[in-house]
Structures are given as structure tokens and as C-alpha cells.
Amino acid sequence: MPGSSIPSTVIDGLKDKFPAIEVSENLTITVPEAELLSFMRELRDNPDYDFNFLTNLTAVDYPDNFTVIYNLVSFKYGYTLMAKVNLGKDEPAVSSLTSLWGSADWQEREVYDLFGIIFTGRHNLTRILLEDGFAGYPLRKDFQWVGGRE
Amino acid sequence: MVENIFVGFAEWLRSLLAAAGLPALFGDIVLMIVKVAGILAFIAISVLWIVYMERKMAAYFQARIGPNRVGPRGLLQTAADMGKLISKEIIIPRAADKIVFLLMPVLIFVPSLLLFAVVPFGKNMIAVDLNVGVFYFFAVASVSTIIFWAGGWASANKYALIGAMRAVAQMISYEVPMVLAILGVIMIVGSMKMSDIINAQQNVWFIFTQPVAFIIYVIAATAETNRTPFDLLEGESEIIAGPFIEYGGMGFAMWFLAEYANLILVSVLATTLFLGGWLAPFGLTFIPSWVWFLLKIYFMIWVFMWFRWTYPRIRVDQLMNFGWKVLVPLSLANIFVTGIGMFIYRAIGW
Amino acid sequence: MDVTREQHPIEKMTNDSSLIQQVKRVIHLAPLEKIFNLARGYSLWPLGFGLACCAIEGLMATNAPRFDLSRFGYEVLRSSPRQADVMLVAGTITNKMAPYVVRLYEQMPEPKWVIAMGSCAISGGPFVDSYYVVPGADKLIPVDVYVPGCSPRPDAVLHAFMMLRDKVQGKVVLENAR
Amino acid sequence: MLRTEEITLNMGPQHPSTHGVFHVVLKMDHEVITEARPICGYLHRGIEKLAEARTYTQFIPYTDRLDYLAAMLNNTGYVQAVEKLMEIEVPERAEYIRVICCELSRIASHLIAVGTYSVDIGGITGFMYCLRDRERIMDLFEMVCGSRLTLSYMRIGGVAEDLPDEFIPALCQFLDEMPSRLDEYDGLITGNEIFQARTKHVGLLDPGVAINYGISGPNLRASGVFWDLRKNRPYSVYDRFDFEVPLGKRGDCFDRFTCRIKEMRQSLKIIRQAVEQLPEGPVMAKVPKVLKPPAGDVYHEIEGAKGILGYYVVSDGSNKPYRIHVRRPSFINLGFLNELCKGWKIADVVAILGSLDIVLGEVDC
């Protein structure tokens, strides 16, 4: 597909700047939690990539860690990029991206609501879909509930 | 013969009572009661009919069929609705001002009923031909503003309050251009008596000599009756039902019917002032005058319905701007031009 | 127990005169009630209240030119519960929405009816085993007519209204029910 | 100086113009909004959790119920994501049928958007006209899959069944008649002075802000940003069609509205070309009965009716998805509502919310 994935030269440039990142074969970048904010800022502000559109933000509860997934798009070049952050199972927390992209606001709240992942450095991190008193985080694999099936 | 059927009936009743040896005062009282009963019957029937007409008309405008199941061609639909609304539970919200809340839907009918006294239904068919007929009309019609406001306020609901405040702002603003527009007609006639105004249109209807006034009147009247594009008071998609939001059952029915009674009244005034009242056009005098009057009223009602099912709703600040910045100056200019015109005509010696 | 003109079974059951009076008043009003029921059946105003997918079929498409609910005189969608007669529960009721559904039902003046439209409103439908869905509107409010389907066609909604009309007017709705 | 008091008005969860069960808490200084706090989740059914207990095929009906106004598009987004994960090649005829159905779905969705927007502004007649024409599309869908609203026509590897014989003539008749109907809407709704006064220069959305907030679809294009995945990153067979992407100038409610009407015209153009090019052949690829995609994850985006519709599917190698996440355009488009409503009146909140064209099934998931 034309203009869809990011060229490997750009990835190499990123690797030089952030040695801690890992790149998998389908060009998914795994970023350590500590470097996330500076990495994302680089992606957004560097005119060589110009990732101005945070299209998707979600999380997955893997057996031994939580993973937060970011999908970025550059309108200028048509690049797409998937970045992942692995978090520990106990009290997962990651720095918030609301200072970079407005679209992170609601999506982070959704992830917090359904996974209980804390996003630090932002205000108004409250439940968005479920009511405030809801117990537990439903999209975690260990969530127990009673369905209505008789 | 048909022309004088109502007048003739009144004469016959009077002579019958006189022949029975009763004093003339008694005859007058009986006649008054008969007139009031007749007008009430007219209001009740025409309001029920107009509600049905509106629903049917809306359906036809919208490529639908409309009510056709209850009674012949759905004619009894409104009667069924009324029957249901009468038997509904009356809910008074706990926070509401009970007396005002219950009183206002009843009071809303008072101005309408009072106004029907001066409606010229046909030649010699006017209950009270006041010499300040038009003035009386506006004076009494304005009272309904207070009733709308009180009804909305008493409901103790924020939507109702917003609707009530909008009602006050809107009705007061549009009363001004409406009265000013009519001044042109009154200047030409030189009288505020309904029958004088109609008789002055023997040669030409005022819609032709005062077209600007007619347009201003129709716009302002739409706003007065709270119909689209000026139905901000009710504003279905914004404030749900405005002042009537807490009213169910009979209370709601009263508001609902009063709205249609008002629609008849503004059509009556438009007919009287601009469309020649009961006068027959093209010399078609074999059709009775009251039939002409009804036809013209229904034409005006149809025009208002046409507006309603075509236009979207205007915003509250645009409504105010339009009223005060467009309609009022325009109606003042109309008075000015009318005055000059009259002066020139008199100078020529017409 | 047979009812005669002189004696009503309630007089055998109790000596409370006010209760007997009330029952007799209702009996005297019965013919009037019949007329009212006739009117009510022909004038069911739905509450303009859609929850999910079914609202598109049940409220929009049913009112639209093709199916035209207005033929029966039911097109007067009132958005204020105070003026509505029928609540069309069209869609999934979630735990967050449930209190509001109950509240809207309570705000409607008597007599009032409920149509549960679609499998979600009947039993929770495809979402029945979810952690956040109320399995059926009848867990919250009394339901008069159920319309199966996911989502039911507008014709089915029209039929539901017809059935409700018959029920209101006191006709036997389910003749073949066993 | 009169002392004024701020009042709080709850708009929703039951309100005629919140398009479902949506709740906005409005703080108002007389009629001017100072804060509009959206509250959603009244239709949260936990679809993403339910997906973990369903097989890949069983999840298709749930996608219908996300954006029930454009069910075909939601189906397509999901099956294409799974196909991408399993690397299934879809037969050409199936791709064309998908394009035809998707564009019909887009028209149906935009018709509802245009119609309900007309009601929001206060004219009910426009809504009825839109629904009258939407019934035609419902008829076409019924021919294809026997259902009107929740279609579940797409399958992983193709479509459920081939088109019936009477479909193409009926579709061509629809294509011939629809442009004049769109002109009718332009006359009745778009051309109306009051409608224009209500919508022009209301709820201005700056292109930079729109991109930052992830707003997509017609809402983004109305602000003048050229971003349509059918053009920028063509999926399926969209690169074979000649069509334009309508753009707005100011980014106000009027532009967002007219963009939808223009998009309907372009969709008609795409369908006409697809019908002309429609090849013969099978409509279903060879896929195993039990789908077990290889372990891994995939993110796939298509251009939905409301904006960019993305599916993120994680597989652990079993026949049930480990996790499915949906990037719901309506949900993300709503994120900017508060800023958009500030300083406007109640009537404008209705106009702005209507112009964003949200569908609550998708917002709350």
C-alpha cells in the first residue's frame, strides 16, 4: 500500500537518538516507559516525521504485563507508526500524552476506566464510560462478573 | 337567504320572545347567551378541526398520509386525543407553585375567549362591534404573555423557566412591529372599528395598498402564536416543550388548544385588516359573507401551517435582532410612506 | 361469586364502608372508563426516547413516510414524559441508564404502557452476558407488549402498537395462548 | 448592575437532540454556555469484553451494533482487520460488492445525519424526506442479506452471498433517482436562509486543533484538511475509482453539513463505477471452517461514515480473539465538544452536537 508504513531509514535515525527502543520486524516500536514522553515529543515535533495525528490509544492485558499501544499518523508524509509501552502488572502507570495530542485525553480516560492504568501528569483522570462507583476494571483478564444469562 | 341565516335566526328569536310578552331586556340577555354559546361552539369545533388539519397537512407535506383510522378519514382523531388527555392523571411537581400551576392552563383561554367577542364573522354578525375594536384586540391579546410566563415559572423546571423567559422576550418584542404595521391601515380608515375597516375595503383590499404592512404582520403574527420559525418558546429540539414541559393530561391539552385558538385569532385579524373580511371578491356575492370570512381565515391558517412545516427554527438572539433591527424600522417607514401617500392623495383631491 | 344489582361480593368480604364505597364508585364509572379506553387506545403518544439501534427502526423508520405511524394517530412523539402514554424501550438498557429508565417511567402520568422492543429490551439480547447490561426491561418496569427481533422491523412495531391498542380497549389479545 | 447567577442545565440522558442517551451538563450564564461537560457511557455494553468470549466469526454481528447507521462499514473494517492478520486474499468480486455496500451504507448514514440535523435546527420535513430515501437503501440491503439495519453481510474472506439478480437493476434505478433527491434537500434545507443563519460561523473548528484532537471524517474535512483514507491510503479496491473528496472552508456547522451532502454525491459516483466494473467470480475466499489466526496483533483503519474507523485485533493463536479494540470515530470526535460549545447558546449546542454526527452505540461501545 502506498505511503503507509514508515521507511527503515527513519527508524534507524530514531534508534540513534533513543538507544533504548526496540523495533520488531513489522516495524512496531517498543519504548521504555521512562522515555515515552520525550520519544513521542520527538515524533511529533521533528519535521522529518511530523506525526501530528494520534489516531488510536489502547491497552492489552497480557499474562505477564500490560501493554499500552499508540497508533500515530503523519498527515504530511502518510507514515503510520505503532508504538508500545510495556508496564508491570502491579499498579501500572504511564506518563500521559495529553500535553502533546488532545485526542489522548478521552482515550486515556477510557483506558483508565477499563484497565485501571494510571496516566500521570494529567488532570481529570476519571471514569468515562462506567459510573464512578464501579468496582474493578472490566477489560482486565482477571475481572469477575455475573452475566444476565439464565 | 343563506346570507342572513344567523342574523335572521337572531331576529326570529327576539320577535318570538317579544311575542311572548317578555321585556326587551330579557330578549337581549337571551340573545347574548345564545351568541356566547354559538361562539364557544365555533371555537371548540374549529380548534378540534384545526388540530386534525395540522396533522393531516404536515403528513401531506412530508410525503405521508396522516391520521386516517379513527372515524371517517381520521376525523375523530383529535376527539380521541382529547378523551385520553381528559382522563390522564394530573401530576403536580413537588417544587411547583400549585395554585399558579393549576390556574394558568385555565387562564390561557380567557384572552382568547374575550377576543372572539369582536370577531366580525359576517355582515352584521359581530357580537360586540366596539369602536376601539383593533385596540381592544391587541390590549387583550398581550395578556397571554403573562400567563405563559407564569405557567413556565410555576413549573419549577429549568427548561420551563428558559422557555418562559423566551416567551416574554419574544412576545413583547413582536407586539411592537405588529401594532406599528397595523397603524398604516388604521390611518387610511381613520377608525378602529372592525366593521368600518372591512367596509373601507369595498374597492380594494388593504393587502394591495399596504403590502409591507401585511408581510410584517404575518411575520409578527407567526412569532406571536409561537409557530415555526419562531417557536423558540416550545423549541422541541432545544428546551423540549418550554413552559409546558411539566404539564400532562388536561393541563397540556389546554395549552395546546389555546395555541390553536390564537392561531385562529391572528388569522381573523389578518383577514379583517388585509383581506377584506367578509367582503366577496369578484362580485361573487351569492356566496354568503360568513362563508367568505371562513374561507379567508382558513387560507391564512393554511399559510401559517405551510410556514411551520417548511422552515427551521431561528435562534433567540437572531429573533431579537430581526424584530428590533428589521421589523420595527420597516414598520415605522411604512407609517411614514403611508402618511405621505395619504397627504398626496388628499392634495390631489381624491 | 356472582354479582347482582343489589349485592357485590366485596360486601361479603369486608365491613369497611369506605372500601365498599370505593369499589362501588369504580363499578359505576365502568361505562365511562370504557369510553375513555376507546379514546386511549386510539391516541397512544409514545415517549421520544431511544436507547440504541432499535430507536432507528422503532421511532424513526416507523414514523417515516414508508410505514407512517401517523395513520393510527400515534405519531405525536412527546419528549417530555409528562405528556406521553407509551414508553417504547428501544434498545439495550445498561446499568448506568437503568435508573433513568425507571425514573422516566415514573414521571409518566397514569395510565401508561410499555413496549419492550428488540431482544435487548426483552432479555438483554446478544449482550446478555455483559457486565454492564440489564437483562431485559421487565427487570425494571412492567412491560405490556414484547416485540422480538434484533432489530424488529417497523412493521413489527406497528403490530405492537395495534396489539397494545386492543389490550387497552379490553379486547382479548392472545386468543390462542396456551 | 443586575446580579446574574450561573445555572446548571442537564441536557440528557433523555433529550430529543442528543441522538440517543448522551448527557451534557451545561453551565450557563443566561443562555450563554460557559461549560459543557459531556458524560457518556449510558450505552456501554462492554462489546470489547464480550469479544473475548466469542469466536472471530461470532464477533461480526457485534460490529453492526456499534455504528448501527452504517453497519456495512463496521463489518468491513473488522473483517479486513482479521484478513490482514491471517493474510487472506479476498476475491475481486467480493471486494467490489463490499465497496458497493459500504458506499450505500455511507449514504444511509449521511442521510440520517442530514435528516436529524434538520430536526435539530427545527425543520421536521427535511428529516422525513431523508428517511423516505433511506428506505430505498434499506430495500437494497434487504435484497442482499435479508436484514434492514443490522446486516452482518461481510464474512472473513469475502461476503456472505452473491448479489441476487434483481439487485443491480434496483440499484441502478436508485442511482438514477438519488441526485435529484439530493437537489431537493439542497433546496429545502441547505438553501434555507434561516438554516444558513443558524449554522454558518457557528462552532468553528480550526484545522490544527481538529488534527490535534484526532477528529476525523467529514468533520475534519469540513475544516479543510484533505484526509480521506480512501484516497490517502487506499484499501480494498478504492484506488480504481475516480472520485473527489469534498472539503469545507471555514470548518463551521454549515460546512460539516454540506460536506456530507457532497460526499453522498461522490459515493453515488463510486457505486456507479463499481457497478460498471463489477467482475464475475467467486465471492468467498478459501478459508478454513475454524479460524485460528496466527499469534500477533494488527491495526487496520478504514474510512467510516463518521470518521476513521480502526480495529485493533490481538490473537493468541486460538479461535477466539485475545483482545479487540475499536477506534470509534464518534467517541474521539466528541472529545472536543466542551471547547466547541463554549460561548455559544443552547440552540447552538444542539446545532454543534448535531453537526458532529455522533452515534451513541459507537461512542459508548
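When the chains are written out, they are named A, B, C and D in that same order, and each has its own residue count from 1.
To be clear about the criterion, a contact is a pair of C-beta atoms (placed from the backbone, for glycine too) under 8 Å apart; a residue touches a chain by one contact, two chains touch by 3 or more.
Only a predicted model underlies this, so the values are computations on that prediction, with no experimental measurement involved.
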Chain closest to the assembly centre - both centres taken as Cα means: D
Farthest chain relative to subunit A (centres taken as mean CA coordinates): B
Winner on C-beta contact pairs when B-D is weighed against A-C: B-D
Whole-Å gap separating subunit B and subunit D, where each centre is the average of the chain's CA atoms: 45
Subunit A and subunit C, separation of their C-alpha mean positions in angstrom: 47
Chain centre separation in whole Å, for subunit D relative to subunit C (CA means): 33
Centre-to-centre distance between subunit C and subunit B (centres being mean Cα positions), rounded to whole Å: 37
Subunit A, residues touching no fewer than two other chains: 130-131, 138, 143
Multi-partner residues of subunit C (each touching 2 or more other chains): 64-65, 79, 96, 129-133
Shared-contact residues (touching 2 or more other chains) in subunit D: 15-16, 41, 44, 46, 49, 128, 132, 364
Inter-chain touch pairs (all): A-C, A-D, B-C, B-D, C-D
Interface residues, subunit B side, partner subunit C - complex: 55, 59, 62-70, 74, 76-77, 79-91, 236, 240-241, 244-249, 252
Residue ranges of subunit D touching subunit B (in the complex, touch as defined): 7, 9, 15-17, 31, 118-126, 128-129, 132, 188-189, 192, 194-195, 197-198, 345-348, 350
Contacting residues of subunit D [partner subunit C, same complex]: 13-16, 20-21, 41-47, 49-50, 53, 61-62, 64-65, 68-69, 112, 128, 131-132, 134-135, 138, 148-150, 360-361, 364
Partner subunit A, residues of subunit C touching it in the complex: 95-96, 123-124, 128-136
Touching residues (chain side subunit C, partner subunit B) in the complex: 35-36, 38-40, 42-43, 64-65, 68, 70-73, 75-76, 78-80, 82-83, 85, 107-111
